[in-house]
């Protein structure tokens, strides 16, 4: 009985190694209760009619465990609704990262120019974004790969932000969701949803309360919920499973450890 | 004369510089803020010379270990001095921005340092289980606080007993906020008193008495 | 003349200096305060005794912050190191001191050498037992973890700010079965971990009291009294200020925020 | 699997990573090598930065006419007199300057950030609802625990005891907040091992196991 109170340290380390390794090698969806923000984010995309145009502000720079899986899951979901997407970046390395999103979500298999256009870096933050909303082609005549966008099929009937059905912003700092909200979403009263890293999430609560963003993914946990709804178990789930399982195991171990410890103390006092 | 030079001059310098830096903080005068910015640069120069002293100590300690061929120690000491000299020579010759230097730095420092950072997860995991014993009544309160926040951070309470999260949220927003603010104030007073002790010369341990 | 919101702060600073000077003078003229007993101070001697019995070394670490020798969080570490070094020298117990900054090494090396001379055993001081391990928290922690495990340290003393790597060092000490005593004045997450990882720990203002108690000088004990009087003053300001603010009079708030 | 430089550097990173993780089992020879390489190369890096600082902030400024910067350079050289016994006292001057400035900078940051701001914030929250009163009580009780010159008996004793409980509750909660990100860093490191260098992991465990066998078979743990 008293063994339970003093399980050797090496066994504990081994337990944690197993908990971390198994989900990494074979990711499995972790049941996490779905918060309402994630539910709204899912519903907004799920209710899109086929062929609707979506403008996305991406900021994925590395294959991390928050922005990157959010981007992949969102694009996969949009693909099932065969939405047409236009990606717009405030930073150069985000433009590189977006290439991975297209590749890993399978969007690059569709027709470039009609199903998706990658505009890449649009320098000039607020000023560029506001003129882009008025007239897309004149602000950014050339896309990320350098070919002109004026004669691309997608831009025949999409001239300004008015013709866009949905705006999605990924964020973790400024420039980010604040710029999109202030310049693109509020003035034109667009339908918009947002996906942010955990430390930036606190600022999103006011935007959601004011109704500027109808749905939101809050940090890695929000992405895990979204991945479990859409069924695309990706990096966020596999990287969240160890944290989730280790907390459960630790709680059990701590309760047992203290329980046995107090039981021994009382037994010693009586005996 | 030598007593003044050996003992009192350093104390006077510390007091003047220390009190100047503190009292110059609220004063909005470009000349004064300029001086404190310059003094900040002085610290960077002196700290760089200080690092030289540390490096000399490293050479001596590991040089002796190699000279004495201590069992199981001299090979790592050669590795240490070798990587130190290699990094310094490459850094000075090719400069910090060169890609040979950055790739050498990432190779020798990147992986090791990141792995030591990740060891914290393992050690915290084992410490929470093995070190957390509610020996006293107060220890029980600490354990309770930890368990509650653990269930709040990861959606465990939401699965089994959601109202528990409401209670934890209240604990975090009210008593914890008060306790945290108290610790900040008390920590601030401790740091200021210790700084004043050193600046005003009440605590002269750093100077030593010696010859 | 003053930056925004820092005018009253300037006068508060001067007030604190005047009070600190006044009380330390008062202490020099013979006023004594009976300090509350702090368990970790006796635990240090107990730890050294344990090291002597087991014939294993004591390890002292003075922190790895970036500020350098003047960091207030080290204001307690220097007298503590001197106290530990003298006791170790008297009992011929090996002391390994690790340092996380170059310029701090110059001070620490001086303190240990001086303590050996004051304890009457100059030959006890071994230059190779005061080691500089690099100026980054995890690089330093790597060195400390290695030393604690290889040298089978009996007592691990960690005074000063060790940043996030404190967890690694304390757990390495626990794996080596060492008695651990720690002290830190900064208010960060690691403060909580010190309560978990150490057998005895001194936090926040207890450090000022402990180092004053160890040095025994009247001036230092005076600073402990300064601390207490400052706290009573702050509690008074908070009490009056909050009550006035609740009633609607925010003049005190305006004065302080000037 | 072409034998490129990238392959070698990934192999070495893999070996260093697993050598450091071997500490979880026990301090051994390969951990010692990884530890010493880390300390050596990082100190080399800081030495290079130190030379850069001295050159850019020190000598370049003096040549550029800002003559006052000769003082810190000379003070810095005084550090090296510590190795000569009769001139060792000279090192007190660079240390005095360092301690004076850094103690002053750190103290003023605490004066403003840790005391003054908290004071103003606490005063400006009215005690009209229960929550603010509880925050106020928690604050005053925790502070009362840290009194030294008065005996903790009677009313002060009760307040100090409650303060100690409040303190421990705050410690318990702060530790738990860090747990998520600490385990997250462990997960990220394992992810690096498993996703981007599968073949290098095999190579490094192969090489590393030779060390472990040497350590266990040849030398009994002292």
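To keep things simple, chains are lettered A, B, C and D as they appear, and every chain counts its residues starting from 1.
The rule is short, and it goes like this: a residue touches a chain if its C-beta (ideal position, glycine included) is under 8 Å from a C-beta of that chain, and two chains touch if they have at least 3 such contacts.
None of these values were measured; they are calculated from a predicted model.
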Higher-contact pair (C-beta pairs counted), A-B versus B-D: B-D
Computed distance of Cα centres, chain B from chain A, in Å: 34
Chain centre separation in whole Å, for chain D relative to chain B (CA means): 4
Centroid distance [mean C-alpha coordinates] between chain D and chain A, Å: 32
Approximate Å spacing (C-alpha centroids) for the pair chain A, chain C: 44
Where chain A touches two or more other chains, by residue: 9, 13, 16, 243, 246-247, 250
Interface hub residues of chain D, defined as touching at least two other chains: 20, 23-24, 32, 34-35, 38-39, 42-43, 46, 79, 82, 88, 94-95, 98-108, 110-112, 114-115, 119, 122, 136, 139-140, 143, 146, 168, 170-175, 177-180, 182-184, 186-188, 190
Sequence positions of chain C contacting 2 or more other chains: 6, 9, 13, 68-70, 72, 75, 103, 106-107, 109-110, 135-136, 139, 142, 167, 187, 191, 193, 195-196, 204-205, 227, 231, 234
Interchain contacts (touch definition) - all pairs: A-B, A-D, B-C, B-D, C-D
Parts of chain B lying in touch with chain D, wherever the complex brings them together: 6, 9-11, 13-22, 25, 38-55, 58, 72, 75-77, 79-88, 91-92, 96, 103-122, 124-125, 128, 138-139, 141-150, 153-154, 171-189, 191-192, 195-196, 198-199, 206-207, 210-211
Touch list for chain D against partner chain B, complex: 9, 12-14, 16-17, 20-21, 23-24, 29, 32-54, 57-58, 68-69, 71-73, 75-77, 79-80, 82, 85-86, 88-89, 92-108, 110-115, 118-119, 121-122, 131, 134-143, 146, 163-180, 182-190, 192, 219
Parts of chain C lying in touch with chain D, wherever the complex brings them together: 5-6, 9, 12-13, 33-36, 67-72, 75, 103, 106-107, 109-110, 133-136, 139, 142-143, 145-146, 149-150, 167, 172, 187, 189, 191-193, 195-196, 204-206, 209, 224-225, 227-228, 231, 234-235, 237-239, 241-243, 245-246, 250, 252-253, 256-257
Chain A contact footprint on chain B (complex, rising order): 121-122, 125-126, 128-130, 132-134, 143, 146-147, 150-151, 153-156, 158-159
Chain A to chain B touching residues, read off their complex: 6-7, 9, 12-13, 16, 31-33, 221, 243-244, 246-248, 250-251, 253-255, 257-258, 261-262
